[in-house]
């Protein structure tokens, strides 16, 4: 059976990724998950630590963001499904950027967020094939899409 | 030997898929078949069951159709060959949609239908590399195309 | 101001195309419309009349369908927006094929049909950016999308 | 001389677009600007007003967001340059989505924002060919890129 | 009305191109025709004459063939329709090459040849949307495809 | 080590394919070869035998050619390298068609033919990355390209 | 008659561009030329002058190089033909980068250089459809390719 | 775990490739490296040795460069990451060509060079996601990008 590639983009402060990965594992779904580096400090500092520090904050961030892009763009391009999670804190523009990037590549997009965010996320949701509120719903979608089985 | 990926789209009320899959298996052809969810009720209800019900029939259907699209688009995009079967009942616009979608992606298209449907299917047939009437013919095509052997 | 290219696919037995074209003209919208050959007999017979008759109905239809494809594929590929109309008669598989074809090419899809067809058209509607019931709604969409003006 | 197509995405509450357009006009630059519908209420309500109201906020927004996508995706796809402006209010996830979408299509991306937003926008900036702080800088970029003239 | 771009590839020893171009002109069809350089000697010698002679026949031909490719590839890529004519003399492998090239690019292909060549051209014909025997038929196809009018 | 996919197109009346395959095997090169159906009769008759006979030679050939295209297009699209062999007999337009098709897809093209065919093949050779005269040279190319080893 | 778009990349210290443009003008060839900014200082300083200075040379250069890329990438992508000139001074890695970029996009590439540079440019020349030594040869190529006329 | 494909382009006179490969191996990173043929003489002579000598230096080089392109283009197209190293000697236009080629294909580009080359490489660096000075930094980037682990 084919392995499905699922990229988990967005919010890094709750355990939503773990719940999806554990749920999929419990169901023995043939899914290979990928994700950005979720260690916030590593993600911020990688460019400067590896390639040398920068006095200017802009370039410090720039080097890190580009290095992270080596990982994220490659993984998004290989993914069958891109799940993007929006939380209630922070700007999370990188998550919306990933959603747009995935959408232009024709990836199947699943957006995961609380209903309270419906209005500001309407353009992102409009590009999605499913809008979920919980990690468990994402697992149920993966089960249905991959195995064709629907629990009622 | 390479595995060929064959997507079986369309009619879900007869055993045409099983006959193709069993025929290919009997010949030990290296084919990985995929198909939409053929449990009609699951296919109709998946969106509402997983993501929550809808009062409006339109949105009830919409959520389900999009969820099914996660499966079908991914499988069509990975397929080498897309077989689309039209039966004598129902509108089957999703089958014709799949045929157009596959055709625009440059997939090898095989259409399977009774000769009585030739006229209304002429645009779909025009995009196909083979138009078959029986599942057994599709198996024979797969055997010939993959193994290069022609039974007379 | 840019001209928008809009392809009008599907049902050929009512005046829905004329109503859209006249509505757009009345508003002076910069739209260049295209459409398949809507003379049913010409569309059926073109292949045989130009290239020679066929004894077999299948090939008679085949030659015509391919000749029409020279027109329709070119026009769909050039279109910004593809409107597909489904009526209540006939199989209309060519309309659904066009919708799938346009969708795979990433065209903005508007589907036009009576609500009674919602269920069998759910996969086609799921790929659309708008689902309208009347030609006048399509004109209003074009006005809004092109001019940014919304009549209330 | 060729006309350059520039799409102006993002924040709709200040006059940044006007300043760019007027600046380009004053220099007689051959630029055709496009933009999303910037009438906030029209943008929110277009789907429901044209195609019919919705009880559910989610679907109300959904219809509108998709209708706007007919305009925005077409214009982004035709653009040579996509300028995305981020302000200090609101979520602006649609702006970041557009930036990701444009980036995946290989468009030249210019991001326009206050330095205070550098950190949360680092992934978006990393995909850009220029990061500006003022509309006037964007005009200067357009002048330089199109005419090859640099004012010192 | 749009101009259709039609590339006329293949045989250069009869007046088939002129008959198509004159036929289209007589009907006032909006077609811009293009073609390879049909001056046989110029086509053979262009590389050596412009860039310097070669002792080796292979490189003499090579320089010319590549220079011609600047023209032909560009014109095929811009064409809506590619007509490829096969005559009864010479190898004409460049014509078949052009047909394959156009086919892989998704161009609408019309093949023009005498029925006596049906068997050796079957793979080329299989990729075509129309197989004509005379220039006049090609003109009739263009008239039908562009104007939607069928003379009986 | 990666497996290289090499498609062997063209002439079917000599043992050139076997010599390449045996040469590569003797060197233990990681190459997966593919080829069209080289049983001439099967190739000609496959369409009619599987899908039903045709009175018209044109359609008899047409059905066969399209069925073969399911195999050949898929294999060319998957290939890293396409080798096209031209012999001294027959029209071989399918070989030149394959070369054009492969070239438009950006495949690395190796053409194999006797120097006596240089002039009529100049356009095909111009698209190639190597022009060989013997199967043994093709094997040497594969060895060099894959292993980086050059025998002198 | 169609206008051909020709991008003139590379060396900026001699009058090779002017000679091509004047030659084409004298022949009244329908060519629209484009080129990078050839004012060396403006090209180096544009990023810092428009967007603000940088202490680090790397970022100073980086801002300028990206701003120039807005111009050059857009023009290369629109070009039918890309001419790349290599002189005998400086590293000229940007010229070779442009050649690779154009080649991957499938543009017709003409390389212009002195024979003394043949060896180090062999990979670039290998991707070209013509290798010229003088601007006058480039003009002659354009005349031949566009008008089909060969002066002997 | 996925294997990442990394192509190592450019300078062939120092051990930079070995240091990257050994570093990645020591960390047990799942990377499959590829590279051009780094045996300088073999790379220069391959065309003539396999396909026959040439009197003209230009064609001698040409045959070799094209044969090498079979290897390099295939490997670049399959790569996730392309690392291009520039040294302090030679023209290295093939390295810059590869960088442009990889960039147009959307590959993640890492450029490796001494800071003394910053100015002439600014256009190449501008297209990169990381600019490193040592092989060890490239290894650290690969470790971070693949494993998400950052050593401080």
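Brief remarks on what is shown
First chain written, first letter: the chains are A, B, C, D, E, F, G and H, and each begins at residue 1.
Here, contacts are C-beta pairs under 8 Å (C-beta built on N, C-alpha and C of every residue); 3 or more make two chains touch, one makes a residue touch a chain.
Please read all numbers here as calculations on a predicted model, not as lab measurements.
The interface holding more C-beta pairs in contact, when C-F is weighed against G-H, is G-H.
Checking B-C, A-G or A-B against A-H, more than half of the residue-numbered contact pairs recur only at A-B.
Centres computed as Cα averages put chain A at a distance of 43 Å from chain F. As a whole-number value, the distance joining the C-alpha centres of chain D and chain G reads 31 Å.
The distance from the centre of chain D to the centre of chain H, with each centre set as the mean of the Cα atoms, comes to 37 Å.
Centre-to-centre, using mean CA coordinates, chain E is 24 Å away from chain F. Shown for chain E are the residues that touch two or more other chains, namely 66, 69, 106, 131.
Residues of chain H that touch chain E in their complex: 54-56, 59.
Within the complex, the chain H residues that touch chain A are 2, 4, 80-81, 106, 108, 110, 128-133, 137, 140-141, 144-146, 148-152.
Residue ranges of chain C in contact with chain B, taken from their complex: 57-58, 61-62, 64-66, 68-69, 86, 90-105, 115, 117-127, 131.
Taken together, the chain G residues at the contact with chain D in this complex read 32, 34, 37-39, 42, 45-47, 49-51, 63, 66-67, 69-71, 73-74, 77-78.
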